[in-house]
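After this come two complexes, each holding subunit A, first together with subunit B and then together with subunit C.
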Partner chain A sequence: MQQDSDFQGRVSFLCGDWQVVALSGRTPVLPACSELVLSFFDALSHTLMSSREARAYPDVVTWAFWIRRASLEKAARRISKDARIRVGRGFALHIAPSNVPVNFAVSMTSSLLAGNITAVRVPSREFEQVRIICDAINSVLGSGFEAMRPYLAVMRYGHDDAINASLSSMCDLRVVWGGDATVAAFRAIAIPPRAIEMDFPDRHSLCVVDSSEYLKMDPSQVALLFYTDTYYSDQNACSSPRAVIWLGSGREEARERFYKALHDLVFKRYAMQPIQAVDKLNAFCELAAAGFRPLRAGSDNLLWRIEGCRADARLMDFKQPGGYFFDIDASSLEDALPLMDKRCQTVSCIGVDPAEVARMAAAHGARGVDRVVAVGHTMDLSFTWDGFDMIESMSRIIDA
Partner chain B sequence: MPEAFRHESRKKSMTNKEKYINCFTQALEVPAEGVEKLEYQGVESWDSVGHMSLVAALEDAFGIQMDTDDIVDLSSFEKGIAIMKKYGVEI
Partner chain C sequence: MTNDDLFSINPFSLGSDEKARILASKLRELTEFHRGHCAAYKDVTDALGWDPDAVKSQSDIPFIPVRMFKNHELLSVPRSEIFKTMTSSGTTGQRVSKIFVDRQTGMEQQKALIRIMSDFVGKKRLPMLIIDSPEVVRNRSMFSARGAAILGLRMLATEAAYALTPEMELDLEAVDGFLSRHGDGPFLCFGFTFMVWHHLYESLRDKGMKLDLSRAHLITGGGWKKLVSLNISGKAFRDAIHSSCGISSFIDHYGMVEQTGCIYAQCPCGHLHASVFSDVIMRRPQDFSECAIGEEGIIEVVSVLPHSYPGHALLTEDQGVLLGEDDCPCGRKGKYFKVTGRLKSAELRGCSDTYAAGF
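Moving on to the complex of A and B:
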């Protein structure tokens, strides 16, 4: 990079250094799912799984579990079923989102497995999870994985268009996670003609419940699973359901039981910030001002449950994190279609067969719904994300 | 893999039973006494995080790759013995 010296003071490297970026054009790409990368991740998995510090963070442990050899080899087998040669695209620049601490590592995983030289910008907020993972990466790089050094850099820098432009001008793949504004800002920065871009803008997610099936379940177990999907990430993740859609018979009894069990758990576990109460009230007023006729059920600020709205696509313009749910009555799954627009990512299911939801969305040509899972699994890590096969999309084929 | 990352229970001199017990005591940080009675969520440390540590330890100790169904089914010390059998590991 020409402006190396200008930038060096403005970028701090948590892993790797400028050399990784500066030499990226000359560093050979790796084959997809190379043994080097698999064993690097396995060593990293061991380091984190046996770290007492990491164990305090379920999201770190979940990622560490996902990158263990047994799990990655499954992904590798899927890739190698295609007999054609698959290699990295080159230098991959990743812009990680500010709302999910471990997301940078997830993006990095697919990118390295695809065979790319990978540079990730982590959010400026100093999450402990980021530090713990970067410490582990550095420790593994220093104990037998020197060969991985040219392939990985983790950096932190502020909103700096000059650095973004310079890194973008060199990349072969740019991966941007973030709100719509972040994605739009990067879209305005050119990448080379051969480079490709994968963007992960803001999405919303839903939960569908078969009421009579739910009434057969243990309410506290379901509450815990739903809590994991929502409150655990402050309902900030794209995959956190914003609306709960009630189907089938016994709806009234089911929703009373559901929200009571959820509230009991939230009361015990969730530390709400005062600003969240203000934001929820504000979102509710905006919804009312927009012509909806929302009713608020429940009596405290931990759990806002908004009734009286139909499944209307505009509803999601008024979504709010921190325990704020649109509670929607539906006579059939099809009633939820307006919410399954192109912004809809995950549908989580309670007592509903995920395959049925997927078939329904496909049969109606819905523009959204990239993933349908059982409740409690919206945060599961997967190599298929937002409709992309991540390793395939980040690599290229040599057709011979 | 560098030596530092090898799990202790891979040492050749141990019997499968010893290795198996070791996985529980290390992953769940529990004493060896009473380990046979352990069940998922029966002790505080065998939560979802402890479960992942345990599975990783077992895969490592016996050089196996567990299927998702078996990972979910691993609900007790006893149950785990039957699951290990599927992977050709006699405890």
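Moving on to the complex of A and C:
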């Protein structure tokens, strides 16, 4: 990078250094799912799993478990089914989102497995999870993984267009996670003609419930799973359901039971920030001012349950994190189609077969729905994300 | 609909039961009025639930978040009747609130402010030294919160002088001129907390100077956020100002552009007081129920003055504690309270704090 010296003071490296970036053009790419990368992640997994401070963070543990050899080899086998050779695209620049601390590591995982020289910008907010993972990476790099050093840098810098432009000008792959505004800002910064871009802008997610099936289940068990999908990440993740869609018979009884069990759990576990109460009231007032005629069920601010709205795509313009749910009555899955627009990412299911939801969405040509999972699994890590096969998309094929 | 009855009584003379009865009736009437004249407000209050018969006191009025004025132009009179639009100060890139004021509302805001302040500094109008630049009130079509507060309080004064130049430097010539005319009689001094600290106190300190403002009542406002972040307490502020300017009468106040006029001024006991024109209701974040005395909550403000815009019951993004009602040792009736700060991670908004953010 020509402006090295200009930028050095403004960028701090949590892992790696300027050399990784500056020499990236000359560093050979790796084959997809290389032994070097697989064993690096396996060592990292062991380091984190045996770290007491890492084990205090379930999201760090989940990621550490995901990158162990047995788990990554499954992904590797899927890639190697294709007899053609896959290699990294080159220098990959990742811009991690500010709302999910471990996301930077997830993006990095696919990128390294794809074979890229990987530089990740982490958010300026100093999450403990980021520090713990970076400490572990540094310790593994220093104990037998010198060969990985040219392939990995984790950086932190402020909103700095000059740095973004310079890094973008040299990348072969740019991966941007964040709000629509972040994605739009990066779209305005050029990347080289051969480079590709993968963007992960704002999405919303839904939960569908078959009421009669739900009534056969243990309400506190379901509440715990739903809590994991929502309140655990403050309902901030793209995959957190914003709307709960009720199908089948016994809807009234089912929803009363569901929200009561959820509220009991939230009351015990969730620490709401006072500003979130104002935020939720504001979101509700904005919804009303937009001409919806929302009704509010429930009486406290821990759980806002918005009734009286049909499945209307505009509803999602008024979504609000921190325990704010559109409660929607539907006579069939098809009724939920307006919410399954291109912004719709994950549908989680309670008593509904995920395959049936996927088939329905495909049959109607829905622009959204990238993933359908059972309740409690919206935060699961996967190499398929937002409709991309991550490793395939971040690598290229040598067709021979 | 006017509030003449309230303007004819002492602004701190109503006990809690009587005040609740009067406010309930006036605020109920205002809610009906705004529902009839502002479609968005009607939609919002329909959703929040509106039952006029259930209103027993000021706390039964539906309240909307102050943020609503950022995304919507809410007004309940024809646009042709708006004679000034006030804006909240927002940092660059933030949306500002727009508050639409017609003549009646503007006049009543003015009158209420004068009634409240004269209870603290006396009925006699006094000259005023404003610790700010005249630039801040120059553009009259769009008032910032700082400009609005200055123009409002200036009405208390027989004559006003500005202590800062357009470049925000201490204008010693102007200050000396003011003091030579009025320095030996009682006078008013007004400024936002941070302005007074930075542009008056620090500037004098750096110049190695002192000023004799010993006959001044120093009225401050705009919040303490910036000074708190510099680790300067209210006491340290008063001590410093006393030592460099000789001031010993301090009147801080809490107020906002959304309810101009209904300010909450601080008595010598250090308590902010609600006048007959308005009230504060501390609400629990958990369920918006009313806090007990001594319990910190989110501050709701109600006011009988907003006629041209539906801002008579607003949930702020500030936190405060109700300290008592009708029994402050200073003798004023009504609620008295303290403000404990802004809700964490709320947008930075309001008054001089935006200016302070630039430092």
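FYI, the second predicted complex is superposed on the first by the 400 of 400 C-alpha atoms of A that agree within 3 Å, B and C clash if a C-alpha of one lies under 4 Å from a C-alpha of the other, contacts with A are read in each partner's own complex, and residues count from 1 in each chain.
Everything below uses one rule, namely that a contact is a pair of C-beta atoms (placed from the backbone, for glycine too) under 8 Å apart; a residue touches a chain by one contact, two chains touch by 3 or more.
In this text the structure is predicted, and so the values were computed from the model without any measurement.
Once the complexes are laid over each other on subunit A, subunit B and subunit C both fit without any clash. Residue contacts after overlaying the shared chain place A:N282 against subunit C, while subunit B stays out of touching range.
Look at A:G144: by the touch rule set out above, it reaches subunit B but stays clear of subunit C. Put simply, if you stand at the Cα centre of subunit A and look at the Cα centres of subunit B and subunit C, the angle between them is 120 degrees to the nearest 10. In the superposition on chain A, A:Q19 contacts neither subunit B nor subunit C. By the touch criterion stated above, A:S124 is placed in contact with neither subunit B nor subunit C. When the two complexes are overlaid on their common chain A, residue A:Q8 makes contact with neither subunit B nor subunit C.
Touch criterion met: A:F65 reaches subunit B, while subunit C stays clear of it.
With chain A fitted onto itself, subunit B and subunit C come no nearer than 30 Å, counting C-alpha atoms only.
Touching subunit A in their complex are the following residues of subunit B: 1-2, 4-5, 7, 48-49, 52-53, 55-57, 59-60, 64-66.
Taken in their complex, subunit A has these residues touching subunit C: 272-278, 281-282, 284-289, 291, 293-296, 299-302. Listed in rising order, the residues of subunit A touching subunit B in the complex are 39, 42-43, 45-47, 49-50, 55, 58, 61-62, 64-65, 68-70, 73-74, 143-145. Of all residues in subunit C, only 40, 43-44, 46-48, 64-65, 67-68, 71-72, 285-288, 298, 315, 317, 319, 343-346 touch subunit A in the complex they form.
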